[in-house]
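To keep things clear, I will list the structure first and then write my remarks on it.
To keep things simple, chains are lettered A, B, C, D and E as they appear, and every chain counts its residues starting from 1.
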Amino acid sequence: DKGPETVKIGLITPKTGDLAVYGIAVENAVILAVDKINADGGIDGKDIELIVYDNKADATESINVFNRLVDNDKIVALVGPVISSTSLAVAPLAEAAGIPMISPTATNLAVTPDYEYVFRACYTDPYQGAMVAKFANENLMATKAAILYNAGDDYSSGLATAFEGTFTGEVVAKEGYTADDVDFRSLLTSIKELGAEVVFVPDYYNTIGLIATQAREVGLEAVLLGGDGWDAVQSEYGDVTEGYFFANHYSTTDESPLVQGFITDYNAAYGETPNALAALGYDGILVMAAAIDAADSLEGADILAALKGTDMDAVTGHITFDANGDTEKSVSIIKITNGDLVLETKISK
Amino acid sequence: MLKVEDINVYYGAIHAIKGISFHVEQGEIVTLIGANGAGKTTILHTISGLIKTASGKIWLNDENITTASGHNLVEKGMAQVPEGRRVFAKMTVQENLEMGAYSRKDQHNFQADYDMVFDKFPRLKERRKQLAGTMSGGEQQMLAMARALMSRPKLLLMDEPSMGLAPILVDEIFSTIVEINKTGTTILLVEQNAHKALSIANRAYVLETGNIIMSGPAKELLGNDKIKEAYLG
Amino acid sequence: MSYFIQQIVYGLSAGSIYALIALGYTMVYGIVKLINFAHGEVLMMGAYFTIFGIISFNIPIILALPISMVLCALLGMFIDRVAYKPLRNAPRISALITALGVSMFLSNFFKLLFGAEKRKMPDFPALKGGYVFGDVTIPYKAILTLVLTLVCLITLQIIVRKTKVGRAMRAVSEDKQAAQLMGVNVDLTISITFAIGSALAAVGGVLYAINYSQIFPTMGTLTGLKAFVAAVLGGIGILPGAMFGGFLIGIVENLTKGYGAGGWSNAVVFGILIIVLLVKPEGIFGKNTREKV
Amino acid sequence: MKKRVEYLITTGGLTVLYLVIMLLIVVGVLNGYYVGVIIAIGINIIVASSLNLATGFLGQLALGHAGFMAIGAYGAAHLGKYLMAVLVMPDFIKGIIVLVSCLLFGGILAAIAGLLIGIPSLRLRGDYLGIVTLGFGEIIRISIFNIEAIGGARTVLGIPKLVGITQIFILVAIVLAALYLLVRSRHGRAIISIREDEIAAEAVGVPTTFYKVYGFAISAFFAGIAGGTLAFYQGLIDPKKFTFMFSVEIFIIVVLGGMGSFTGTVIAAILLGVMNELLHAVDNWRMVIYAVVLIAMMIFRPKGLMGTYEFSLVKVVKDYIAKRKNQKTT
Amino acid sequence: MALLETKGLGITFGGLRAVGDFEITIGDHELVGLIGPNGAGKTTLFNLLTGVYLPTDGDVLVEGKSVVGLKPYQIVEKGLSRTFQNIRLFKDMTVLDNVKVAFHHKMSYGTANTLFRIPGSKYWKEEADIDKKGRELLALFKMEDNVNDMAKNLPYGKQRKLEIARALATEPKLLLLDEPAAGMNPQETKELMETIHFIRENFDVSILLIEHDMSLVMGICERIIVIDYGVIIAKGTPEEIKKNEKVIGAYLGQ
C-alpha cells in the first residue's frame, strides 16, 4: 500500500477583499511553516502539499472552497478559515465530512463547541475581553471605563460585550463606530467629557493608530486598553500609544528559541515582523502537522484522536486542547513602553 | 467649394448612404430634398465630421476633409444649423452666440458680427439674457442660425430650418437664407418643404433611401412631374 | 456649548475634505453624466504618489503634491480614454458598470502592488496643534483643509463660468454633437474635465492622508461614495452645492458621533440624503428642470 | 399551439433538466463542490432576476438590493429558528412548511421595505434614485449591526439548513416563471412602458406611480426570498455580507446579462459564478481579472450578453416543427 | 353637454403667462384645428388638458365634470387621449405591445390571475380580447404586417401613425394631436390627412389638432382656433381664418 504521495492540507483565507491583510499574514506564516516542515523531511517522508483558496471573507465562498478542497483536492486536514464568520460556516461541513480543522484565528465562541473535529489555536473573544477587564479591575484599579468599538465587526463587538460584562467599575460610555470610520475626534471628545480612566478599544492596530493619534490630539488622558488586534501597533504608532496596554498571544520579546526562530525566519522571508495572526497561523499548521505525524495515518478519525492529545510548545504558548477544542493559554498583557512591547503580566482565569 | 465623392455610410448594419456624389460651388444655394429617412441628415453629419464614412472622399476647397475631425472644420469655414435646432438650452442667448464664435481666433473682434446677427434677428437682441431652452421653437431656430453665422462660415449647412415653424416664420427664414447667401455664404440646404427650397435654390439633388435619384437646376426640378407628385403634394 | 462648537469644528474639517472630493466628482458628473466611481481610487492614488514622493524621493510636500496632481490628472485622462470613451454612446448604465469596474481594478491592483495594509503618513510638525479658544481647539490641519478647499472652489468656478474652456465644458455637457459643430474638440474637453477633477481628487487624497495620517488601497471607496453623496445633496453638477453638501455631511457625521450614536453615523448621513432628495429632488442648490413635453 | 401545450413543454424541459442534474449527482460527476457552486449560482439568479425586474424592465437604477436580501434573510432565519423549535410534526413536512412560510415571510418583509423606500423616492429619476437606494441599502446594513436583538454584528447561527439542490432548483424555476409570467401580462407591459417613456405611459392610461412602486416592491419581495434561501442554505447569516459591493455584484450580473432579459441574467450568473471558481487558480489576481473582464465585456457588448433577448423552449420546439413541416412539403 | 369645455383656463411659468383666459367648447364628433405662432401656448394647452401641467387658474370640464387635479392616466380614463409633438413611442416594444399598453385601463385582471393563469379565467379572456382589438386597430392603419416589429425600427411616417393608433386604443372621446405632420413631406402629409379622415369616419371621436402645415389644417378642419401669446385671437371656419387680418399678421404672413 503506497497511499498518496503527499499530505494534502487545505488553507482557507481571505486574500482579496477588505480583510485580505489578515488573510495574507496567516497565509505567509503557513507557507513558511510548510516549507520548513518539508525541508526537514516532511511528515513521515511525505511532503505537505498546501492548497490555499481565497474566500474573500465570505461565508458562501468559504463553503464552496471547502467543498472543493474536500471533493476535488481530497485534503486530509484543514487550516482555517481565518475569519470567525467563515469558520462558523465551514465548521459543520468539516464535522460532517470528518475533516479535522483548526482555525488559527477564529475567536468567536461558537466555532468549536458543537463540533468534535473543529479546533482553534487562539483564545476566544469572551475569554480575552474578560481577561482585559480583569486586568483593568485588579491591576489598574480602574473605576470608570469607556468602551469604544467597531459596531460593524463581531470580533470588536464581542470583545466589547465581554469587557462590559466583567468590568466591575462603572462603564461610563459604550460608543460604536463603523469599519470605515477615520474620524474619531468627536467620539473621543465625548469620552473625555465623561471622565473615563480607561478606554477599552478592541480593534486592529491600524484603527488603533488612528484612534490613539486623535486621542492625543483631543487631549484624552485616559489609558487605552486593547486586545490582540493591537499587535504591531508599536511599529508605527509607538509614540501615540505609549503607556497603553493590550492583550496578546505572544510577545516578540519572548526569549524562547521557537519564538525568535519564527520571527527571524518570517523576517527573512517577508521582510517584516510577524504579527499575532501570523504567529497563530504558524502554530495552527504546526499543530495540525504534528497531529498527522503522530496519527501515522491520513484518516480523519486518526488525526482527530491525535489532535485531541496535542501537548506541544508553540510560538503563542503551550498548546493543549480542552473538550471543545479550544486552547487553554494564558493571556499576555503587553505594555507599550518607549515604542517597544513589554510583557506587563500574564493573566488567566 | 464642396465635393462629395462616392461616400458610403453605415449605422452598424444599416447602409444609410449608398455611394453618393455631389458638389456645391462657391456662392450657390444647393438643396437636398427627399422623404423621411432618405439620409439627408446623415449626409450633413458626415460632411461635418460627426459620422465617419466607410468609403469615399469629401473635399472642401480642394482639401481632403474625409477624415478631418469635426471640430477642425469650423475653422476651415464650415458651419451647420443642425436638425431640431440643438441650441444649448441652459445657456443664455448671448452665450450660445459666443459658442458660435468658439473657433474664431479673433476672440475680441466680433462685435461687428453681433451687430450683424442682431440686425437680422432683432428678437435675439431683446432676449440676450434669456435661457435658450425657454424660447419658443421659432426663436430657437433663429438662434441656431445666428449661432452658426457667428463663425463667419464660408459654407453653411442647414438641416430642415423650417421644421415646425409657423407659416409666417417659414417665409422669413427662407428670405433670411437668401440674404445670407447674398452676403457671400455658400449654402447647402436640406428641406422637407421642397417647394420653398426649390424656389430659392440654384441646384437640387433628390435623395431616396440613400441614393441620389435625380439632380439638376432647381427650376427644372420644380417643373418635373415626378417631383411634383412625390414631393410637392 | 463649547463642546458643541468643538464638534462643529471637527465637522467642518472632515467636511471640507468631502467637499473637495465632491467638487471633482460633481464636475465630472456635470459634464459627462457619469458617476465616476473610480474617483475615489484616483484620490487614493494621489495620496500614494505624494507619500512615495515624500518617503522614497525625499521631495518636500510642497513639491510632491503638485507632481501627484499632475500624475492623477494624467491617470484620470487615461481612465477616460480607455474605459469610458468607447462607451460614450452606449446606454448610461453600461458606462456606470465600467466605472465600477475601473474602481475595483484600481483598488485591487494597488493592493497587489503595495499590500493591503494601511501605511502611516509621515508627520508634519508644522501642522501639529491648533489655535485654542477657551475649550475649543481649531486644528491647523482643519484650517489648511478649509482654505485649500475654498481656493479650489473659487478657481473652479472661474474656470467653468468665465473661460472659454469652461464654456466648452458646459456646451459638451448639454449636447456633444452640437458642441462639435461649434468647433469644440469634445474629446479634449472631456479629457480636461477628467484632468481637473482628478487633480482635485489628488489634493483631496493628500488632505485626507494629512488629517487621518494613513493611506491604504481602499481609502477612496467609502470616502468617494460619501463625497458623491455630498455632491448629490448639494445638487449634482453645481460646484457651491458640492461644497455645501460636503460640509453638511461632515458636520452631521461628527454630531452623531459626538452625541452618542457613532455606530449610526453613516446611516444618519444617508438618511439625511434621502430626506433632502424627497423634499427637493434636485438637491439643495439644484434648479428644478422638468422635462418639457 | 395551445397555451396549455406550451406550458407543458416548458415544464417538461425543466423536469428533464432536473433529472439530468440528479443523474449526474448520482453517478458522481457532480460532487458536493459542484453542487455547492450550483446552489450559490441559483441564489444569485433569484436575486439578480428580481433586480432585473426593477432595473431592466422598470428602468429604475437600484443599487441597494443587498439590503432587501438582508431583510429577507433575517426575517426568514429568525422565524425559521422559532418555528423549528415550536412545531411538532414529522421532519420532512416540517421542513417544507418552515421553508415555504419563512421564505414568504422574509419576502413580504423585504417587500414592505421596498414599499417604504419606493413610495417616496420613486419620483426621483435615474442616478438620484440609484443613490437613494444605495443609501437605503447602507441604512439597512448599519441598522442590523446596531440592533442587538436580531444579532447585531454577530453571525446569526442555528438556522435550519433546509435548502439543497432540489429546493434551489424548484425555487429558481418558480421565481423565474413568476417573473416571466408577470412581465408578459398587462402589469408587465405597464412596467416596461414606464422604462420606455414614463410620460407617454401615463398619457395612455398607465398609473405610473402605482406601477413603479408595484414593480419595485415585487423586486424587493423576490430579493427577500433570495436572502431567506441563502440563510437556509448556509445555516447562518454573516451580516457583513450585505454590503454595497454585494449590491454591485448583483447589479453587474443584471447588466452583463442584458437589462430586460431573464435569460441573460441566468447566463451571466452562471458565467460569473464559474469564472469566480476558475479564478481560484490565480487567487490573488481574482478581483483584478474580474474587473478587467467586466470592463472589456461592457466595452464590447454595452447592451449585455443577451440584450433583451429571451430564450424560449417553446419557440425552439415551434421552429423545429415548422422546419419539419417545410421539409415534408418540399 | 359639451364633450370638452374650458373655463378661464390659464397657466403661468415664472413670469410668463403661457396660456390665459382660455375658453373653448368642443362637441361630439368635431374636428377642430388649433394654430398659432411658435411659443403661442398650443402644446401647453394640451398639457393642461391632459393633466401634465396643473393650471394656475380656470377649469377643464369633460362631459360637465372637472378634471383639474386628476393625474394624466385618470384623464385618459375620462376619455381624453393625445399624441406628442416629438414622437414618444415605447421604442423597444413591439408595435402590437405599444397598442396593448394603451388598453391597460380597460382591463382588470390582477396579479394573482397573472401568476396563476387558470384556464377560462379573466386573464385569458381579456388578453385574447385586446390581442384581437389591437390587431384590428393596426390593420385599420394598414400596419398589420408590422405588429411584431420593434417600434424603433418603423419608418418615421409609420411611427406617427402608430402613435395615433396607440392614442385611439385608449378609446378616447377626444383625440388631441400635436403637430402630427411635423417633419413630413407633402406626400406623407397627404397620407396623414387620409388617415385622419379615416379616423373620423370609423371612430366615434372628436379631434383637436395642432398643426403648422396649412394645407392640412385648412384641408380637413371644420373650425379653427387661433391663439397668440396664450390667448385666443380668432375663431372660425378655414375660410374665415384665411382672411382674418389679425391671423395673417401674427401667423400666416402676407
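What we mean here is this: a residue touches a chain if its C-beta (ideal position, glycine included) is under 8 Å from a C-beta of that chain, and two chains touch if they have at least 3 such contacts.
Owing to the predicted nature of the structure, the values given are computational and were not obtained by experimental measurement.
K.L.:
Among the other chains, which touch subunit A and subunit B together?
P.N.:
In this structure, the chains that contact subunit B and also subunit A are C.
K.L.:
Report the chain whose CA-based centre is farthest from the CA-based centre of subunit B.
P.N.:
It is A.
K.L.:
Looking only at C-beta pairs in contact, point me to the busier pair out of C-D and B-E.
P.N.:
Contact tally favours C-D.
K.L.:
For subunit B and subunit D, let me know how many angstrom lie between their CA-based centres, rounded off.
P.N.:
So the centroids are 51 Å from each other.
K.L.:
Between subunit A and subunit D, tell me the centre distance in angstrom, where each centre is the average of that chain's C-alpha atoms.
P.N.:
Here the centre of subunit D sits 37 Å away from the centre of subunit A.
K.L.:
Quick one: subunit B and subunit C, Cα centre-to-centre, how many Å?
P.N.:
42
K.L.:
Residue numbers in subunit C touching 2 or more other chains?
P.N.:
Subunit C, residues with two or more chain partners: 108, 263-264, 266, 293.
K.L.:
At least two other chains touched by the same residue of subunit D: list those residues.
P.N.:
Those would be 142, 145-146, 199, 284, 287.
K.L.:
For subunit A, what residues touch not just one other chain but two or more?
P.N.:
16, 151-152, 176, 178
K.L.:
Mind pulling up the subunit D residues that touch subunit A in the complex?
P.N.:
Listed in rising order, the residues of subunit D that touch subunit A are 31-37, 40, 43, 142, 145-146, 152-155, 157, 230, 234-236, 238-241, 276-277, 280, 283-284, 286-287.
K.L.:
Mind pulling up the subunit C residues that touch subunit A in the complex?
P.N.:
3, 6-7, 10-11, 14, 108, 111, 115-118, 120, 137, 139, 208, 211-214, 216, 218, 221-222, 253-255, 257-260, 262-266
K.L.:
Okay, in this complex, where on subunit B does subunit E touch?
P.N.:
Residue positions touching the partner: 33-37, 134-139, 160, 163-172, 192, 194-195, 229-233.
K.L.:
Quick check on the complex: what are the subunit C residues that touch subunit B?
P.N.:
164, 167-168, 170-171, 174-175, 177-186, 289, 292
K.L.:
Which residues of subunit B touch subunit C once you look at their complex with the stated criterion?
P.N.:
By the definition above, subunit B touches subunit C via 45, 48-50, 69-75, 79-80, 82, 86-91, 95, 98-100, 102-103, 107, 133, 147, 151.
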